[in-house]
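Each chain carries a letter (A, B and C) given by its place in the written order, and its residues are counted from 1.
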Amino acid sequence: MIVQAICFYLFAAITVASGVMVIAARNPVHSVLFLILAFFNAAGLFVLAGAEFLALILVIVYVGAVAVLFLFVVMMLDINFVELRQGALQYLPVGALVGLVLLVELILVFGAWVAGPEVAQSIAAPLPLATNVTNTAALGQLLYTRYVYVFQASGMILLVAMVGAIVLTLRARTDVRKQDINVQVGRRRADTLEIVKVRPRQGV
Amino acid sequence: MNDALPSFVPALPEMFLAASAMVLLVLGAFQRGPHVAREIGWLGVVALAVTAALVMSFGYERKVSLYGMMVTDGFGMFMSVLTLIGAGFAIVMAMRFNEREGVARFEYPVLVLLSTTGMLMMITANDLISLYVGLELQNLALYVIASFQRDQTRSSEAGLKYFVLGALSSGMLLYGASMVYGFAGSTNFDTLAHTLEASNASIGLIIGIVFVAVGLAFKVSAVPFHMWTPDVYEGAPTPATAFFSIAPKTAALALFVRVMIYAFGELVDQWQQIIMAISVASMILGALAAINQRNIKRLMAYSSIGHVGYALIGLAAGTPAGVRGILVYMAIYVFMNIGTFGVILCMRREGRLVEGIEDLAGLARTQPMLAAALAIFMFSMAGIPPLAGFFAKFYIFMAAIDARLFWLAVLGVVTSVVGAYYYVRIVKIMYFDEPKGAFDPGIGREMQAVVLISAMVILFFIVFPSPIVGAAELASATLFPG
Amino acid sequence: MADFWQGYALPVVITVAEIVAIIVPLLVAIAYLTYAERKVLAWAQLRKGPNVVGPFGLLQPIADGAKLLFKETVIPSGANRVVFLAAPILTFSLSLMAWAVIPFDKGVVLANINVGILYLFAISSLGVYGIVMAGWSSNSKYAFLGALRSAAQMVSYEVSMGFVIVTVLLCAGSLNLTAIVEAQRTIWYAIPLLPMFVVFFISVLAETNRSPFDLPEGESELVAGFFVEYSAMSFALFYLGEYGSMILMSAMTSILFLGGWLAPFNLEPFTGLAAHLWAGFWFALKVALVLFCFLWVRATVPRFRYDQLMRLGWKVFLPFSLFWLVLTAGVLVTTGWLPK
């Protein structure tokens, strides 16, 4: 068990440290790279918790796709981040205040944790035992039965996001020439080619 | 642990609406022609009508389904139908506007349909998770609709502002919801209603409820979480503003009522003061801040803030009568807003949209019918009998008095009187000021119909109040179990 | 002390030995893959290929390796040092990491995890970081353009690759690689899922930035693309990484579609216990076959233009693989072949 404990502290420490570096790094690209490191270690924590499916989905979706696009954009940005950062300092007191309030609330809340006797019984969605099914199957069983309604609705949200992105950014440009493969393939000799018998000294 | 796929029949309206949105999306993408947007728009209206019929086919009976994720009851039915009516009118109103502004794209009705799907989900949510998912579905579509005129800075700005503040409020809602889950052990409204008792309400639970309430107050734009409303209402394209002020507000208020009255009904002592404070602040700000406005869309924003304040009195009362008051209020509010925005959309001079209140000067001489319609809506909003707006306020104040919230009722009456000033000022400008030049004629047949229908509802509510009031009576009863 | 030895040290030693047993042959295979590539290309172009160093030029890869090892590593002055050096290491180690879950025979696998296929997919989707980091940190426009191309390309083709994998998962009913191979006892998935096999193979070409999708390198317009600034060992690591991931992807293809270590025919002497003797042989043969296709394609197909590449990925493969996914699911459900 000690190995697991060591792994936990290792992953947790790196997650937190890279989380700090995300906001502390001077270079935005470094920030994104640290963010990726944080994702990665969070995935490690999932593995330790026995949720290997979630761990790998985290890596595939966040690290493999989302963060790549993020990095892509950040690399192309030409913003002087040092200047931006200077402005950020003046909001520090407000931010700190909000953070403090949230912290106090959390302390208050967890300090005074009173749960009624019925609460334990009403814990939502008891999971199938991990020993019986793999956690991929367990997730599937819940998602497609108990939570199928919200699962499908989440799909609708993604559809809206896609429609929205297209509505707001797609412009049908008329000044660019595009390759239309159907037109190219559909070209017939008769449409484009004319064979002319050219006699000497008469021209076409 | 052998859960089966649940029966989807109760979610039929939502599913039908979502499916028709997708069908229309594909249809629009492959359709060529100058009137695609209009055709898709009318098909969207048909889809909304069918959905309304489906919603009504379930009746008033309360039924929980889909593993407790959703509930169909009279309250949900009433609010759903109201939302669907609002969305239908919003599509119709947008057609001509979008064509004239050069943004006639078929995605507009599709987004309205998708957003309405989210609203139906919100209204019938019986779980904090389905509540949140529905809310996000609605909101995401609304952000896009707000910035639909993407070439105008104002519109893009409105969309962005709406997005940032909407995301903030969703965050608060989630924070609250997770607190509630942590302390109550469930996100299901039924379980919450059964297990929560006033005696063992812990501080964490109350903080959770407060955050949920804050998130919802954002969505209904109640003071002090209203700051996005004027900017978004002013910047968004006018038909979008009309839609914002009608459908999402109805849905969010329905959600607010269901969460507070049903899920946290036992803890009424804990949340009543918050709602009262929000309600009072909204009424006062709605009445005072509107006075100085010169832009009519901004004025409507403040007016809607005030109206939400009145509606929240009914929630503060926390009684069946209060809920009935809210239902009646929202029904009338929807029609008043549809009509008013119908008139605003007709305010065009030399091909350009005008939004200043002064631009209405002398409308009575140039377009008497339009002026008369707007006058009806304004008097109704001010709450002057015998128009419908009076009865809306009447039921709310009655409920407040029944619940012994006398000072709230008194304050409501006082702010209505103050608010009447700016409504009546518009009527004065239309009837007694010198004309500044006529608006463009030819407002289109569908706009005439929209304005006419809503004016009729407002005018003749006094003669036939029973369809709305009776339905509201039955609907509000379903929210209070046993 | 004995406890410590039994509980911790021994497993560690065994695991390390297993890792070495996988990596050393792998590195040799990578070295000789470069040799094979040059030979295959040479035959395709009616040349002889490397034939000077050693018999038939067999020592050529080793000579190349030694040369690269002893060259000076040049770091451009404007480069972002840490990222610049981390990129090739990342690329190379990723191409080795994935081998942890590759089964060579039933039970012959370093880590037989339940979600092996997801692990493979995750690792292969991380490959893009090495390229993007290299391109960005080199502080050179050619490298940067190469990196951007590669990021867009790899993300695009991952989508259809994911759908292909899901189709295979539907048929196999498991995410475990061993189980996927065992499920192909009746028939290799390359046959019923032939269109998906083709889509997968082409996506793999794009995912590994191999010709005809080698736009990130694109030597005719981008000099050498993302690794134009690299030299000596850091360059060699990219090179090794690229060939390593080629072998990895071939292994993945043969596991998903070609029945992994299973013999192609159920005859003596390939049945019973003897099957285990042959397992490694069949697996290696299939991997080599797929690798040959890589080289064959490179020798014969011209490079895609960038818009054609994107069009193929998003407008052809994505809808097609989605359609096949739905079709496969439908067939499995209606015929009741869905694995329990």
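The working rule: contacts are C-beta pairs under 8 Å (C-beta built on N, C-alpha and C of every residue); 3 or more make two chains touch, one makes a residue touch a chain.
These numbers were taken from a predicted model, which means no experiment stands behind them.
Relative to the whole-protein C-alpha centroid, the nearest chain centroid is that of A. Here A-C and A-B were compared by C-beta pairs in contact; the pair with more is A-B. Mean C-alpha positions place chain B and chain C at a centre distance of 55 Å. Centroids of chain A and chain C (each the mean of its C-alpha atoms) stand 25 Å apart.
The distance from the centre of chain A to the centre of chain B, each centre being the mean of the chain's C-alpha atoms, comes to 32 Å.
If you check the complex, the residues on chain A that touch chain C are 3, 27, 29-30, 33, 36, 52-53, 56-57, 59-60, 63-65, 68-69, 71-72, 75-76, 134-136, 179. Contact residues of chain C toward chain A in the complex are 8, 80, 83, 113-115, 118-119, 121-122, 125-126, 128-129, 132-133, 136, 144, 147-148, 151-152, 154-155, 158, 162, 175, 307-308. Those residues of chain A whose C-beta lies close enough to touch chain B in the complex are 105, 108-110, 112-116, 118-124, 126, 128-129, 141-142, 144-150, 153-154, 156-157, 159-161, 163-164, 166-168.
Chain B contributes residues 1, 3-6, 11, 18, 22, 25, 66-67, 69-70, 105, 107, 110-111, 114-115, 117-118, 121, 127, 129-130, 133-134, 136-137, 140-141, 143-144, 147-148, 150, 159, 179, 181-188, 191, 194-197, 200, 202-204, 207 to its touches with chain A in the complex.
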